[in-house]
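When the chains are written out, they are named A, B, C and D in that same order, and each has its own residue count from 1.
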Amino acid sequence: MTDTLDIIQGCLETLSIFKQIIRSVADKMTKPFIKPIITPEEAAGKVKEGTTVMLGGFNYGGVPYTIIDALHDQGTKNIRVISVDASHCNPKVPEPVGVARLIVNKQVSSMVISHMGLNAVAQEMFSKGEIDIELNPMGTLVERIRTGGAGLGGFLTPTGVNTAYEKNRQTIEIDGKKFILERPLRADIAFIRAYKADEAGNLIYYGTGRNFNPIMATAADIVIAEVDEIVPIGEIDPNNVVTPGIFIDALVIKGGNAYAART
Amino acid sequence: MLPELKEKEARERIAKKIAADLEDGALVNLGIGIPQLIPNFMPEGVNIYLQTENGTIFAGPAVDPNDLRVIDAGGAPISVLPGGAFVSSDVSFGILRGGHIDVTVLGALQVDAEGCLANWTIPNVRTPGMGGAMDIVAGAKKVYIATRHFEKNGGSKLLEKCTLPLTGCGVVDVIVTEYCLIRNINGKMVLEEIVDGVDLLELQSKTEMQMEISPNLKIMKC
Amino acid sequence: MTDTLDIIQGCLETLSIFKQIIRSVADKMTKPFIKPIITPEEAAGKVKEGTTVMLGGFNYGGVPYTIIDALHDQGTKNIRVISVDASHCNPKVPEPVGVARLIVNKQVSSMVISHMGLNAVAQEMFSKGEIDIELNPMGTLVERIRTGGAGLGGFLTPTGVNTAYEKNRQTIEIDGKKFILERPLRADIAFIRAYKADEAGNLIYYGTGRNFNPIMATAADIVIAEVDEIVPIGEIDPNNVVTPGIFIDALVIKGGNAYAART
Amino acid sequence: MLPELKEKEARERIAKKIAADLEDGALVNLGIGIPQLIPNFMPEGVNIYLQTENGTIFAGPAVDPNDLRVIDAGGAPISVLPGGAFVSSDVSFGILRGGHIDVTVLGALQVDAEGCLANWTIPNVRTPGMGGAMDIVAGAKKVYIATRHFEKNGGSKLLEKCTLPLTGCGVVDVIVTEYCLIRNINGKMVLEEIVDGVDLLELQSKTEMQMEISPNLKIMKC
């Protein structure tokens, strides 16, 4: 009798674990219809040592400043960043901006970026070997991210052919023309920036703040959008949606950072 | 003898069973035919969200049957539900191929023990073309096959190895017919549910696909 | 003296030819800012025997019906078509629709399409070898066109791997995963369909009429958009533009075709 | 001795010359530095349209210097002109790489006789990164280089073969310096225009790049 009860007890426990597994898979599969609105700290809290993070933005525009500030204050080290550029930290703009705050604070161990001409600290850390930076042509970078989000295995581009960039990369010649074979890029988390979201997470952008954001929204396991405003469902015309809400896990309202206010 | 069903009854049973199997909140792409019946049979309190490969996110019932500005992939008028959006085909297939869809439900000409699917051509007879199916099976997180168990001539549609040109291979997760539910568990096709009154041995003998029988074989509610 | 004059005369003629060459290159380079509004017949008139034509649309939606009607009436043979499908011509819809009008009229010598399940005539011509049809998976087809428009050399896709579609195509294995290498597609002319254009050719779409149209707009030497309406510059918010006018050569106002009216 | 110019004078001369060389109606992408001066020098009646790689089509002057919602690639506030649009970076680089831009004007660290350009790194000294330049030179229909003729130390920036890592090779169509205009004609660098008062032999001897002299060598108006 005790044996039978033990067996049943064991079965129930197994079942419970099994149900948890199913649930956790399901959680990963379906994104909520109504998106939770979380604090910048909750968003930043998802980043651990070693996490790969995509950060939207191009120069000053379309940067998730508020989440980056929280990530800075959280102090997590060894973050792997994918972003267009290293933002500003130079004689003209000595106070670091956006991702430059994380770089200067030595939280970033590696980056895949396209440009760091406005970040003197990043260039110095790079030349001293203090940070691992992979430079990609900008069109190649955005296409690699798109490829990662779209389930493709790679693409062929003429960009960088017959330059030093070609070295250590596979090239393919087709009909006498040489191309570089580029591979997809994905991240654990993408922090993007948009103008307005509706409650279902549909996003629209403003001006040149669009840049890499809609593409990064497709290429990370978790996608959190910092927005100026959240409007009721129905206020964004379905024909005008740029990023459909199915890509979005949660929303953060932008805070009072001076650059956030100007963008 | 296996109980015979009218076409309508069989199709609705398959649709109903898959409807009952879907997770609440799932983003779903439905193929033409039996899959299109599924929304009618969703259990109370379980919501799924429909994506159409021609660019609707959150498809709903048509408002004006004459308005072809919002249609499904089969050309039937539909609507977009509140919170939905329209996208171009490159984005739509980025969604499908990129694993952003939770579930797709497709019909089959043949499906086999290795999880391969054939549903786009019968050479020299009929070649509708693969349309979006090859991309969808390559990318959806979970692929359901909704199919009658047998051909009109009695031959099994569940084969050991498909003979028709494939749509995808190793892609099928669940097969639902009017007689049973089969799940792909680590690459093995496991019979998990069987309709009450269907003789297991007879079904096995008439099904070319070799199925493992689940130790927890259940009656398929329908 | 005569010799000198002859030489000068010759020089002037050479110069004039040279100027014409420069001019014709320049004409090809820059698309007009204000787009000419042309008739469906003028649009169709750009198609000659052997021209490769992209036709927008997916099933009933987003099809340039009015231009297709003009192309049908023009009767040009040996057109090479790139489109999603072969439209309708079947027992339920016996009167051919859209591109099916050109197929049934035997104007189409070859097609790259994804689906012809609703066109019984196309299937029959295909099985009899009367028309050259290359079938592509739909996601592959749209990506090939995008690749053609974006200056890339190809892409790797998991779609169709380990199927008959893989035969005669190059495959590449990366990190143990097999992909098909797909090549770009371009056309001489794309006839697309949009909802509204402004005078500068910026386009927005309605509902599922968007489909392949924005992508085809990028991948042809000449791009002509059939639209419901042309509005003054300024009426389409630059943040809502889907196809920028820089891709567009000319506009056609949609006519009275029954399907044009319903889409 | 070649006539010496103040930095501002030299830069404006180069910008003015390129402005005069551009076709009316051209869609143009401008790099950072000298190229940004070009819009100030467009001749009466000649319009060009500016695209910025960060997503503006038809860029215009800033309205509010504090508003960073519409900026150029260098971060300076701009506006979008009537008839323009904003696009995401995948579309922007599809435009650039896909040959939809008529002209790009870029600065150079070095440019050589084979039409190769170096402008993104001086190893161990300065590595701003290539940004969009590699894609732009791969795709633009016509590439202008706007550059001072010499380094600060007097060395020629126009070389027989670039020594710095390249941005692209065989891509340069026109080079304009404060002294001359050089056009790539079928792969040969041809000196077509020279500034009045500049000694041809002296310029040739101080320019490492071997130039062919056009039989119709003209005075460069500036």
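Everything that follows uses one rule, which is that a contact is a pair of C-beta atoms (placed from the backbone, for glycine too) under 8 Å apart; a residue touches a chain by one contact, two chains touch by 3 or more.
Predicted model only: the values in this text are computed from it and were never measured.
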Inset, instruction - Chains touching chain A and chain B alike, please list them. - result: C
Legend entry - Chain pair with the higher count of C-beta pairs in contact (C-D, B-C): B-C
Legend entry - Whole-Å gap between the CA centroids of chain C and chain D: 34
Legend entry - Interchain centroid distance [CA atoms averaged], chain B/chain D, Å: 57
Inset, instruction - Could you please state the distance in Å, as a whole number, between where the Cα atoms of chain A are centred and where those of chain C are centred? - result: 35
Inset, instruction - Can you tell me which residues of chain D touch two or more of the remaining chains? - result: 80, 86-87, 93, 96-97, 138-139
Legend entry - Per-residue overlap in chain C, given as positions that touch at least 2 other chains: 143, 146, 150-152, 157-158, 205-207, 239
Inset, instruction - For this structure, give each pair of chains that are touching. - result: A-B, A-C, A-D, B-C, C-D
Inset, instruction - Over in the complex, which chain A residues touch chain D? Could you list them? - result: 58-61, 84-85, 88, 113-118, 123, 126-127, 135, 137-140, 142-143, 146, 157-165, 205-215, 242, 259, 262-263
Inset, instruction - Mind listing the chain D positions that touch chain A in their complex? - result: 52-56, 66-75, 80, 86-90, 93, 96-97, 116, 124, 126-135, 138-139, 165-170
Inset, instruction - Would you tell me which residues of chain A are touching chain B in their complex? - result: 26, 29-33, 146, 149-152, 198-200, 202, 218, 233-234, 238-239, 241, 244-247
Legend entry - chain C-touching residues of chain D, taken from the complex the two chains share: 23-27, 47, 49, 51, 57, 80, 82-87, 93-100, 102, 138-139, 141-142
Inset, instruction - Could you pull out which chain C residues touch chain A in their complex? - result: 143, 147, 150-158, 172, 174, 177, 179, 181, 183, 204-207, 239-240
